[in-house]
Every structure is written in C-alpha cells, then in structure tokens.
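Next, two complexes with subunit A in common: one pairs it with subunit B, the other with subunit C.
Presenting the complex of A and B:
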C-alpha cells in the first residue's frame, strides 16, 4: 500500500466504570489509503462505532481513555489537543451517523447547518456560505435546493435528512469520511439510493471512506477492503473479494454465512451459536474460541493479529483451516 | 422571520383569545355573586334597613336577571367604566390607572433581574455540570426558592435601607416624572420580588440545557468541528428558547400576583396594595376592577408568550 491516509496502530479504548477502567476496544490496527473505501464490520457491541468516534477524537475524555496511535496524514489524533481536533473535524475528517432523524439540530434550517460548517473552517462570508450550501444540497440530489435550504429538519424525510448529513460532512472536502451505519435506519428502498449517492460523492472528491456496518452485503458493494471486528478486536483485515471467497478467520466465515444474501438458496441460515463475551468478562485466549467450531489446543493463548497471504488474521489455525465463504 | 405559516399561527392564537377574555370578565363579574352573603347587604353598610337594602338593589340593578346585569356591566366595561369606589367615590378606572405604573415598574424590573441572573446561572451551571459554578448556582436556586420573599423584603428594608441607608425604605417615585429616581426607589422591591423567579429560571434552564447538550445532534455539531462556545450559545440557547419562554411567562404571571405583598411591605401605592386595602374595607368595585385588571395582564402575558412560541420554534403548527 502507498503512504496511508489513516493509520491505526494498537488502538485501545477503555471506558470508565466507577473507579476502574473497562477495556472495550483492544489492539485495533488497520490503515486506509487516500481515496480507498474500507468496510468495518462486526456485530453490535464489537466496538465499530467507538473506533469510528475515536478517529475524530469524539469520545468524551472524562469517560474514555485511548491508547495506541491514530495517524491522519502522519499527525497523531490521540495526542492532539481539543482545539487542534476541532480544526480537523469537518474539514479533514468527517462523520455521518446512523440516525438522521435526530442527528440534525431541529431549530436551525438545513441550509444554516451546512453553511455553519463551511464558515467554521473556511473564510467564506455568510452570503457565500449560504450560496455554497444550496449548491451542496443540489450535489446530494435534493430537488429545489434553494427552497429546501430554508426547510427545518422536521420538514424532510429520513432519506432527505441523510442526504443533508452527507452534504454537511462533505462540505469542506474532507480527506476521510467515517459513515456509521448510514442506511440502517432508512427504508430499504432508500438505502440503495443513499449508498449509491455516498459512493459517487466520495469518489468524485477522492475522499476515503470508512463504512461502519453490520451488513456485509452493503460493504461488498462499496468497499475494496474489509476489516472485521469481534469483541473489541480486529479479527481479519482482507480485500473484500478474498474475504468473501475464502475467509481466514472462523468468525468472518460465520458472519458471511449468516447473511441471507450469501447463504445457500432456501436453506436455513446458519447462525453462530452462543453470544459475544461482555467487556470485563473476555476470555484470556482467543475471544471467539467459546463459540468456535474449530476450537483446539492452543486457542487458550492470546491471539495476535498476524499477516497471512497479504491479509491480517487473528487465528493460529488460519492457514490450516479451509473455511467456507459466501456461496456465489 | 414571519413566514405565512407563522402569521397563520398568530391569527389563530389571537382568535382563540376571545373566549378567554369573555371567561375572564365573567369570573370577575361573578365574584360579587358567588361570594358569601347578599351583595346588597354587603353594600348597605353597617346598619342596613329594609328600605336601604331595597334602594341599593334597585340602584345597582340586583333586582334584574343576572345575565342582564352582566351585559350592562360589560357595556360599562367597554366604555372604560368600572364603577365608583365605595370608599372614596373615585372612579375605579382612575384609581387603577393612577397606581398601575408603580406596579408595572416593579414587576418589569423584577423580571429583568430574574431573567438576567437566572439565565446566566442556569446556562453556566449546565455548561459546567458538577463544577463549583454548578453547585453554587443550584444552591442559590434552592435557597432562593425556600426564602419567603416578604421576609427577605423586610430584611432588606431593615439592613440596606434603614441601617446602611443605601436605598429608600418605602414609597415610590413616579416613573414619568423622574425615571432614574423611580428605578432607584424600585430596586429593593424588585430584588425581593425577583428572588423566586431567579430560582425557577435557573433550575428550569439548567435542566433544559443539560438535556439539549445530551441530544444526538450535539455529536453532529462536534463532528463538524464547532467549538463548545458555538454549541452552547448558538445551538443550545436556541433549543432551550421555548423552555426559557415558558418559564419566563409563568414567572411573569406569578409576579403580577406577587406584587400584593411586596407593595404592602414597601408601602408602594400600586394596584396590589390598593387591592389589599379595598378588600379590608369591603370596597367591592375596587376589588372587582383590580382583579379584572390583573387577570387581563396575566392573559396578555400568556398571549405574548404564545405568539413568541410561533416565532421561536419552527415546529409550532
């Protein structure tokens, strides 16, 4: 890979639990090249959203403690002071969220909310920022943008609001966009439109995308590479096609096969038995071992993320196993 | 600011005001008739005779059906006639107009104090939740709420006015004749009257701001790179605007009633002290007139609050 835009190395996030700290994300490492689209997948509670928030330094410092490194164009985000982070957010790295219904301020017009981002980061005059906001609404496919700019969020549908969120996030042409489950809360019919829009907008700008999703199908359409997380750790980091064809980690394989789109036609969906361990009650060895069908001796030892066949995988048996991927 | 939707909301609210006003007049009118005893007997003085009672019945029209009495009373009302004081034979309307400026001055003055101090304390407490500022503001609000304001008024008169001679102890200066002197004289009564308002505004605003700052959209604002100051003063303030308006309206209405004791303690010739005097003297028409006036004031405050809702909150339909 060329010089990465974003390099995450050994990211560890701990949540304050009374007087002690509870490690919720541990040893997360991955990189994103300029303009690359990477999917971050895993089930709920795997630490995907926390990882996404940490990339913008958005986790409240009184509640979360971060260790490791997150470098954006060489600059370590975790050690930046809040003031420097503010100049970075919205301008070099942006984020959109799952719930478009509550992610916008209800008492400001959508035009104001886009213009405000522009004015926070550029020297645009109020009039110029407003004009640019209308253009931004047009770019995300909102009809009658000049009139819609005067609308308040409650006057727009969920899909429209998510378009507005995309317009806000991309207003200052950031280098990286973190999209946290951007279509999960939307109607199925709208989901494809929003994903399509998102992809066109980031590729037109050369913006890199980190798509946080539990839906491996969406990730396959959008991303060239996928990072799978389980119980706060990265378990596999691979090109999408390679992962779909032949996953190396048993959890990645289970995740693929439990998706209706990749399962054998009309067959019962195979699910992964058991449930993910809770933070604070993590197994000392492989975290997936208690649910793993391929468990054997050696799984009690902590598993490092190791390179294998040009990917990275956290399983000592990876080379030996021949796991089923998505059925074509 | 005023879109077509909003002006429609405003027209609607004003139209809704008509039945409220009719109800207000009806209640004021009925005070005489639902109070204990025969109104004629009440008006006839200490040693009534059969003839004097009958005379009073006819004079005030108590022998006519009640709806007829009400309509003729409303007719008088529309011409600005509230009857004569039984005590001084002065028209009640003149008495009210004469005293109202003194009352309005201390009420408005108290509102300004409560609004400014309450807003600053409430917002500062919410912005630095759990800090020393928060604990001080919450403590001030709790104490201010528990203090009887007439007791505080007497304490202030005793210390600030009598011992230290910083302010005049009693009385009022007419605002139109000497505005600065009037404000100076009204300072102690206004502070006494504002205390519970400060407490209410601080507490409500703190709670509302804490809720707003915990909303999901604040995360979007932070992700856009806005500063905490912009989030608090631009987005926070506009979002708590409706709560602030509601609590200010409530406090304002409360203060209009609160002037009764304040004016009495500070011997201010306002409508509140006049109401208490009139009630003691059984000066029936003065009581009726002032109650009607106070009700209309409260009503006007609520109307203005309702109209401002439509301006402040885009979601009001």
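Presenting the complex of A and C:
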C-alpha cells in the first residue's frame, strides 16, 4: 500500500467504571489508503462504533481513556488537544451517523447548518456560504434545494435527512468520511438510494470512507476491504471478496453462515451458539474460543493479529482451517 | 385445503388526523387466508400498514370495515367478554423485546401473568407451567428469577416468546420480532420459531421488512405497499419469479453479502419515496415510483390476476386470469 491516509496502531479504549477502567477496545490496528473504502463490521458490542468515534476524538475524555496511535496523513491525532481536533473535524475527517435526526440541530434550518459548517472551516462570506449550501443540497439529490434549505430537520423524511448529513459532512471536502450505520434506520429502497449517493459523492471527491456497519451486504456494495471486529478486537482484515469467498477466522465464517440464505427453506440455520463475552469478563486467550467449533490446544494463549495470505487474522489455526464463506 | 385458521376479508383501518381533519388509510382493503400450521410472511417498508394489519389480526385494533375470522368465528362480531375469552388463541410479539416487558417484574412473573389473569390451575401449577415454557425456549430457573435488564436482547425475546405461548395460542403474529437482534442471535431465534411451530402446531404471520428472513421462514409471502397487498406467492416463487415491479425493486435493492462473482443483475434504485397514505396516488398506488408505469396505471386500480397456482399479482402490466 502507498502511504496510508489513516493508520491506526494498537488502539486501546478503556471506559471508566467507578474507580477503575474497563478495556472495551484492544489492539485495534488497520490502515486506509487515500480514496479507499473500508468496512468495519461486527455485532453489537464489538467496539466498531467506539473505534469510529475515537478516530475523530469524539469520545468524552472524562469517560474514556485512549492509548495507541491514530495517524492522519502522518500526524498523530489521538493526543491532539480539543482545539486542534475541532479544526480537524469537518475539514480533514468527518462523520455521519445512523440517526440523522439526533445529529442535526432541530432549531436551525438545514441550509443554515450547512452554511455554518462552511463558514467555520473556510473564509466564505455569509451570502456565499448560503449559496454554496443550496448547491450542496442539489448535489445530494434534494429536489427544490433552495426551498428545502429553509426547512427544519423535522420537515424532512429520514432519507432526506441523511442526504443533508452527507452534504454537511462533505461540505469542506474532508480526506476521510467515517459513516456509522448510515443506512440502518432506512427502508431498503431508500437505503439503495443513499448508498448510491454516498459512493458517487466520495468517489467524485476522492474521499476515503470508513463504513461502520453490522450489514456485510452493505459493506460489500461500498467497500473493497473489510475489517471484522469481535469482542473489542480486530479478528480479520481482508479484501471483501476474499473474506466472503473463504474467511480465515472462525467467527467471520460463523457470522456469514448464520444468514438465512445459506440454509434450505425452513430448515434450521447454522448457529454460532452462545454470546460474545462482556467487557471485564474477557477470556484470557482467544476471545472467540468459548464459542468456537475449531477450538483446540493453543487457543488458551492470547492471539495476535498476524499476516496471512495478504490478510491479517487473529487465529493460530487460520492456515490449517478450511472454513466456509458466503457461497451457497 | 380445509377451512383456513385465519381469514381476513377486505380489512380497512383508518386513523383520523387531529390537525388536518384528514384520514390516514393505513390498511385499505386487504384479504387473505392462512391455513392451520402455515406461515404467511408479510413484507413491506415503513408506512405500508403492515404493523397496523398485524394488530388488527389479533384484535388489538378494531378495523373500520372488513372481517377477521379465527377458526370460522368473526372476531369483531363477538361481544367484548367473548372476544376476551378468545384472546389466548391469538398472540403477537413485537420488535423491541425490552419495551414489551415490565422492568419491575421478574421474568417468571411476567411469563406467569397470562395464566394468573386467566385463573388457570393452582398458583403452583401456574409457576410450573411458566417455568416449563421458559425452559422450552432455553431459559433456566436462575434466569427466570432475574429482571429484564439483567438479560440480553436475544434472551428477552425468548421471554416474550414464552409469554406469548404459555396459554397455547393457535395463531402467533411476529411483528419485526428479530429485527433488533444481531445476525448470530437472530439465527438462534428463527430456529426456535421453527422448532416451536412444529412442536405446538402453530400458525404464523411473520411481519418484517427483512426479505431474507421472510423468505426463509414463510410458506407464502405477501408484499404490501401503501395499505394494500400487491403480490402474493409461495416463497420460492417470489424469490425466483416475482412479477410486480415493486416486489422486483425490493429484491434488487437488498444488499447481498455474496462474493461479487455471484451477484447478478444491475441495481436500479427506485426513485422517490413512499407517498403519504393520507393522499395515496390514484389508480395503482405504486405508479409514482414504478419504472414501467403507463397512463392507464393512473386511471384505474389494477385488479388481482392469477399468474400461476397460488401466485396473485395486482398490476395492469401483468397478464393472467382475473381472480
């Protein structure tokens, strides 16, 4: 890979629990090249949303402690003071969320919210920022943009609100967009529209994308690489097609195979069984071992993320296992 | 086929809107049968009226017109006390497993409650029956003594299933009952649904926006758009030979987790959003978003046509015998 745009190295996040700290994300490392689209997948509690928030320094410092390195264009941004982070957010790295209603300010029109972002990061005059905001709404496919710019968020549908969020996030041409479940709250036909829009917009600008999602189908449509997380750690980092064809980590395989598509009609689905461990009760060795059908001696030892076949995988048996993927 | 367990005829549910004086026609003329032991899946997006339909089927909502018959009995013709005595036969499970449980009651008490209200058996027998049903859905005695917040989402949905089944209903309606769960937990819950259906001879109506889930568990599927069904077919037929443009668009819009070489067909996202059910389009309701709409689609409502045994479509552009 060329010089990465973003490089995450050994990221560790701990949550304050009374007087002690509870590690919720541990040893997370991955990189994103300029313009690359990477999916960060996992189930609830895997740590993918916290990882995304940490990249923008959005985790409250009184509650979370971060260690490791997050380099954006070579600069370590994890330890930047809040003032510097504020200059960074929106202009070099920005974020959209699952529920645009809570991310938009209900008492300002959507036009004002885009114009405010522009004025905060560029020298645009109020008039020019307003005109640019209307253009931005047109670019994200909002009909009658001049009139919609005068609307408040509650006057728009969920799909339209997510279009506005994309317009705000991309207004200052950031190098990286972190999108956390951007289509999860939307109907499938609207989801298809938003995915198309998002991909068109990031590719037109050469913006890199980190798509945080529980939906591997959405990640396949948007991304060329996928980073799979389980219990606070990266378990596999691979090209999307390679992971779908032949996953190397047993959890990735189990997750893919539990989709209803791969069982005969009305037959029992293959199930991983059990539940992910809670933070504070993590197994000392492989965190997936208690649920793993391929568990053997050696799994009691902590598993490092190691390179294999051009990927990275956290399983000492990966080379020996031949696991089924998302292939009927 | 013998007499269906559930028969819904020309069902209509409208909600008056306080501010404007308009009415929102959530369900606007829906008819279908479900045989004993069968699973009917109802697929639709937000605003299609699928949840309102589900509530009307189990008599949580009184329709404005039409009939719901359970085992030949017209539910809404029954006097209130008799309807109450039928309620144990039809149960519904909702999407949010937490909201459906009283946070201040222990799991066992929540599951025992339907038996307590019905006054069935002695208190000891009721406890035994509740514990047995909890065990059947995979929760042990220690878990039965806990409060809802001490359980995971999947475990709470198991509790809701146990509570719905503890009085042995004949019909179970599941409204997005696995939508809030992670894929690996969803698989466990879907397996449980299938096992319980076989064991208790249950009839299911599965309401969901998730095509893959609906296709896996359903014998037949109905696709709903703006208060009406647009296509009804056996699950395999719908997957391979859907005829209604809306059904085809839904199938094409679903992002599939398959390697690129196995993904067929170009995506053609539908334009626009679902119109307001307060003022639905004239003629075919889908015509404003339909890629193949013609002038006649605005003029008249499409009639139901049978294109194959058990496969009905409401579209002007589909040839078939009127039905």
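The criterion applied here is as follows: the second predicted complex is superposed on the first by the 317 of 328 C-alpha atoms of A that agree within 3 Å, B and C clash if a C-alpha of one lies under 4 Å from a C-alpha of the other, contacts with A are read in each partner's own complex, and residues count from 1 in each chain.
We adopt the following convention: contacts are C-beta pairs under 8 Å (C-beta built on N, C-alpha and C of every residue); 3 or more make two chains touch, one makes a residue touch a chain.
Not measured: the values here are computed from a predicted model.
Following the overlay on subunit A, a side-by-side fit with no clash is recorded for the pair subunit B and subunit C.
In the superposed model, A:127 makes contact with neither subunit B nor subunit C. Touch criterion met: A:165 reaches subunit B, while subunit C stays clear of it. Once the two complexes are overlaid on the shared chain, A:88 sits against subunit B while remaining clear of subunit C. Of the two partner chains, subunit B is the only one that A:56 touches; subunit C does not reach it.
Legend: residue contacts after superposition of the two complexes on their common chain; A:320 is shown touching neither subunit B nor subunit C.
If you stand at the C-alpha centre of subunit A, subunit B and subunit C are 80 degrees apart, rounded to the nearest 10. Residue contacts after overlaying the shared chain place A:281 against neither subunit B nor subunit C. Residue contacts after overlaying the shared chain place A:216 against subunit C, while subunit B stays out of touching range.
Taking subunit A as the reference chain, the count of touched residues is higher for C when subunit B and subunit C are set side by side. Of the two partner chains, subunit B is the only one touched by A:106; subunit C is not. After overlaying the two complexes on the shared chain, residue contacts for A:256 are found with subunit C alone; subunit B is out of touch. For the pair subunit B and subunit C, the least inter-chain C-alpha distance in the overlaid model is 9 Å. Common to the subunit B-facing and subunit C-facing surfaces of subunit A is no residue whatsoever.
Of all residues in subunit C, only 39, 45-46, 152-154, 182-188, 190-191, 194-195, 209, 211-213, 215-217, 219, 235-236, 249-250, 252-263, 267, 269-271, 273-274, 289 touch subunit A in the complex they form.
Those residues of subunit A whose C-beta lies close enough to touch subunit C in the complex are 43-44, 157, 159-160, 187-193, 195-196, 214-221, 241, 244-245, 254-256, 258-261, 263, 265-273, 275, 325-328.
Subunit A makes touch with subunit B in their complex at residues 56, 58, 86-91, 94-95, 97, 99, 102-109, 116-117, 120-121, 152, 154, 165, 168-169. In the complex of the two chains, the subunit B residues touching subunit A come out as 215-217, 219-227, 230, 235, 238-239, 241, 312-315.
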